[in-house]
Amino acid sequence: MIQFLSHIISGLSLGSIYAIIALGYSMVYGIAKMLNFAHGDVIMIGAYVSFSATQYFGMHPIASVVISVIMCTILGIAIEGFAYKPLRKATSLAVLITAIGMSYLLQNLALLIWGANPKSFTSVVGLGTLSLFGGEMHITSETIVTVLANIIIMIALTTFINKTKMGKAMRAVSEDKGAAELMGINVNLTISMTFAIGSALAAIAGVLLCSSYPSLMPTTGSMPGIKAFTAAVFGGIGSIPGALIGGLLLGLIEILGKAYVSDQLGDALVFAVLIIVLLVRPAGLLGKKVHEKV
Amino acid sequence: MKRKISKTFINNLITYAIVIIAFFICKLALSGDIEGFKMSRSLKGQLIPICVYIVMAVSLNLTVGISGELSLGHAGFMSIGAYAGIVASQWLGSAFPEANIDVVRLIAALISGGIAAGVAGFLIGIPVLRLRGDYLAIVTLAFGEIIRNLINCLYVSVEGGTLHTGFLLTSPLPGKKIIAGPMNTSGIDKLASFDAAFVVVLIALFVVLNLINSRSGRAIMASRDNRIAAESMGVNVTKYKMMAFVTSAALAGIAGAMYGLNTSIEPKKFGFDTSILILVFVVLGGIGSIRGSVIAATLLTVLPEVLREFGSYRMLVYAIVLILVMLARNSVFVKQILSIVTGCIKLIFKRSRRGEAS
Amino acid sequence: MTQRKSTTKMVAYPSFSIVPERDINKRPVLETRHLGIEFGGLKAVEDFNLTIGSTEIAGLIGPNGAGKTTVFNLLTKVYQPTTGTVLIDGKETSGMNTVQANRLGVARTSQNIRLFGNMSVEDNVRIGLHNQIPYNMFAGILRLPGYWKQEKKQHEKALELLSIFDMQDMASAKAGSLPYGAQRRLEIVRALATNPKILLLDEPAAGMNPHETEELMDNITKIRDQFQIAIMLIEHDMNLVMGICEGICVLNYGRIIAKGTASEIQSNPTVIEAYLGKKKEG
């Protein structure tokens, strides 16, 4: 029973990381209607920046997180401006391939800068472990911080989207780009802003991911990236609560599947659930079904 | 009207001609008959992979370009073909150990690879083709990963003509191991040859080009262009989407079987990265253009070899080339510059022609 | 404005409607009974009863948003009705899909053009011939004799159909690159290629100038006479509707408010009200 509980907790922790990454995918997809495949690699860069700041420059972990967020935000805006903006009018497939190229580029840059050997990431939290049930169950401080960070980000982002002018502009652009432009909304700025927020979140997710799973490599971001994207689709792409629910469920399924079904089939299980959900609810759990006018 | 038929005919002929001429040039370089015209060792090793990737790209183009459905799990079909081919050829080898039947074994491997992947394509197609657009893409991605995960747990061994299979094993199977879960395949007879791979390329081209220029191909393209209109013209859209999907999967399976009989493989090889790599061939070659797929698959397989002199910057340069090509092909700004340049060239040509005439 | 006088005599048909006298002893090509559809509680079409004779040219008119295109979508089984049923050539169609409805003999064009834009004009028509001149996938891939024979047949038939609108010269052009009017005509040819018993035209004259509309009217009558099929059209151009439609049905808020011949409809007070609004009292 206690073991099950601790699986649930690590599932929630992993799910929280997926949810934060999924937000980046979901927002970008909702607004720019593109699959930003490089998003997973922004996570990796975020983790490396934080790693370098603490290891090479001896910075305080919290300061390293701030640096990492700033760097990733700039990186996100740069990627968008350099590679995606010129393709606003191109087919979605062309943008997808460019995003894949961007992903290769980031991975290989990281490979050149930091090398292929895995770096051992020191947790930025490091507050020890919480023992419950007379020491039978341990909850690491990383887990608690991850889940808390997830909650704070979700609340902040929901408020931002619903209450601020920029948030409203984002919703308008995701609904109808042309109409938003006619209403005087600066579409390019809004899209850049979305990339900035998504990349900042990616930096946080990267640091949290590597705090819990400390091995850091140039390819660290790709698999969590793909899974987080499926989490976004799972919950209903474009929806913030969808990303939260999708991420958490995916994390739970993965941890429980690995624990109780088979360690090797955990990923297969995650994707099987995704397929079933999409077949039953083709727009994801919380997505809106769009009717095609005939 | 006669002109139109002959136009596609000539177009196809050019495609075949390019492939055949390239084959003979390679053969000549391999033979080393001409002084100073020899193929480098690393390039020699790439010949069969190039053929395999051409078939992969051509078959994926059938799904993405002709049928209009983005598939991100094409490597999954390749792996099914590869492992089915290995099992078929190894089983035949152990069942008839004395007979010299390498050609038969190769053909049997290719056919079983094609059939296994085709069946998988059909089974996966049933749920996948109910979805549209990006959701379809995600589900193909998911299936690709599931296939990889399952093969990761698959163990097959062969002993005197009988197959032993196991899933998620703890104890080893009796007989000679041929598939060992996440490990590399080893001890597989390398039955693949450049000639055979070339024939497979020709077959793939023949199937895909003929399919496109037939009633079924038109129905597939009509379903892509406008699903509702196609249905109201009496075209069974699901059937034709399935036809394209299964054909594409089967061809990928054949290519996979060839691949599995050429080098030692592991399930990891057929992950998402490989699916994307093939998609890159298709997009760079031009979506819907079969000849483009052939050329792009060849160039991009050779490119990392050529870039070897860049050393560790190799893949970085590859990524930059990829992004720049995409920008150049699609950006409005670059297009304008290109059109100005071509306009100037045309003008110069016209002038010079007029000059000749007068 | 030259007004064509409709000479057809319309007679009562023993169910819900009137059909031209010449069709009275033939099976009506289309019958709907209490047809209706709801979208989330909104009744888009309600109690729609109509009979169309086997060679009738019928018009479906009504203000914008009255549900005319929805009726077409019901007849072609793009939508499944929530109530009532459609009979095509006397055959019940409940549970059928668009493809099966087409095989029974319903073909349509659409309001916003739905051509296969990346394919040639001829290939568009060949898609219409898809079920008329068939051969299977393997004959196509292996280029069996059947392939060559049927391809030749398709080619000849496609050109013959294109010649109705004098479009055979454009056969190899890309459909998406044709001028607007030609695209509309091509849609009609493509629909005709499916060998329909009834042809549904959704605003065929939209975007045409008066001269082109005149030509279209001639062509619609010509198609009916040549192919001996029924044609039902949605149109806002009243000259066209009153000029060629023998039976006219007026739809408003999803309900039929009037049925009859052109002259009956023109003088029907309910119709005038629906189009122009109620006259102010006093």
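Here are a few things to note about the model shown:
Should a chain be cited, it is by its letter among A, B and C, assigned in written order, with residues numbered from 1 in that chain.
Here, contacts are C-beta pairs under 8 Å (C-beta built on N, C-alpha and C of every residue); 3 or more make two chains touch, one makes a residue touch a chain.
Quick caveat, the model's predicted, so the values are computed rather than measured.
Of all chains shown, B has the CA centroid lying nearest to the centroid of every protein CA atom. Put simply, the chain farthest from chain C by mean CA position is A. Mean C-alpha positions place chain B and chain C at a centre distance of 44 Å.
Between chain A and chain C, the centres computed from C-alpha atoms are 51 Å apart. With each centre defined as the average position of its C-alpha atoms, the distance from chain A to chain B rounds to 32 Å.
Counting partner chains per residue, chain A shows two or more touched chains at residues 294. Shared contact sites, meaning residues of chain C that touch two or more other chains, fall at 78. Residues of chain B in contact with at least two other chains: 228. Chain B contributes residues 64, 70, 127, 130-132, 134-135, 137-139, 141-143, 145-146, 149-150, 152-153, 168, 182, 228, 272, 276, 279-280, 283-284, 287, 312-313, 315-316, 318-320, 322-323, 326-327, 329-334 to its touches with chain A in the complex. Of all the residues in chain C, the ones that touch chain B in their complex are 76, 78, 97-99, 102-103, 107-108, 110, 114-120, 122-124, 126-128, 130-131, 134-137, 139-143, 147, 150-151, 154-155, 159, 168, 171-172, 190-191, 193-194.
Interface residues of chain A facing chain B in the complex, by the touch rule stated above, are 29, 35, 83, 86-87, 89-94, 96-98, 100-102, 104-105, 107-109, 111-112, 222, 226, 229-230, 233, 237, 262, 264-265, 267-268, 271-272, 274-275, 278-279, 282-283, 294. Chain B makes touch with chain C in their complex at residues 1, 3-4, 7, 206-207, 210-211, 213-219, 221-222, 225-226, 228-237, 243.
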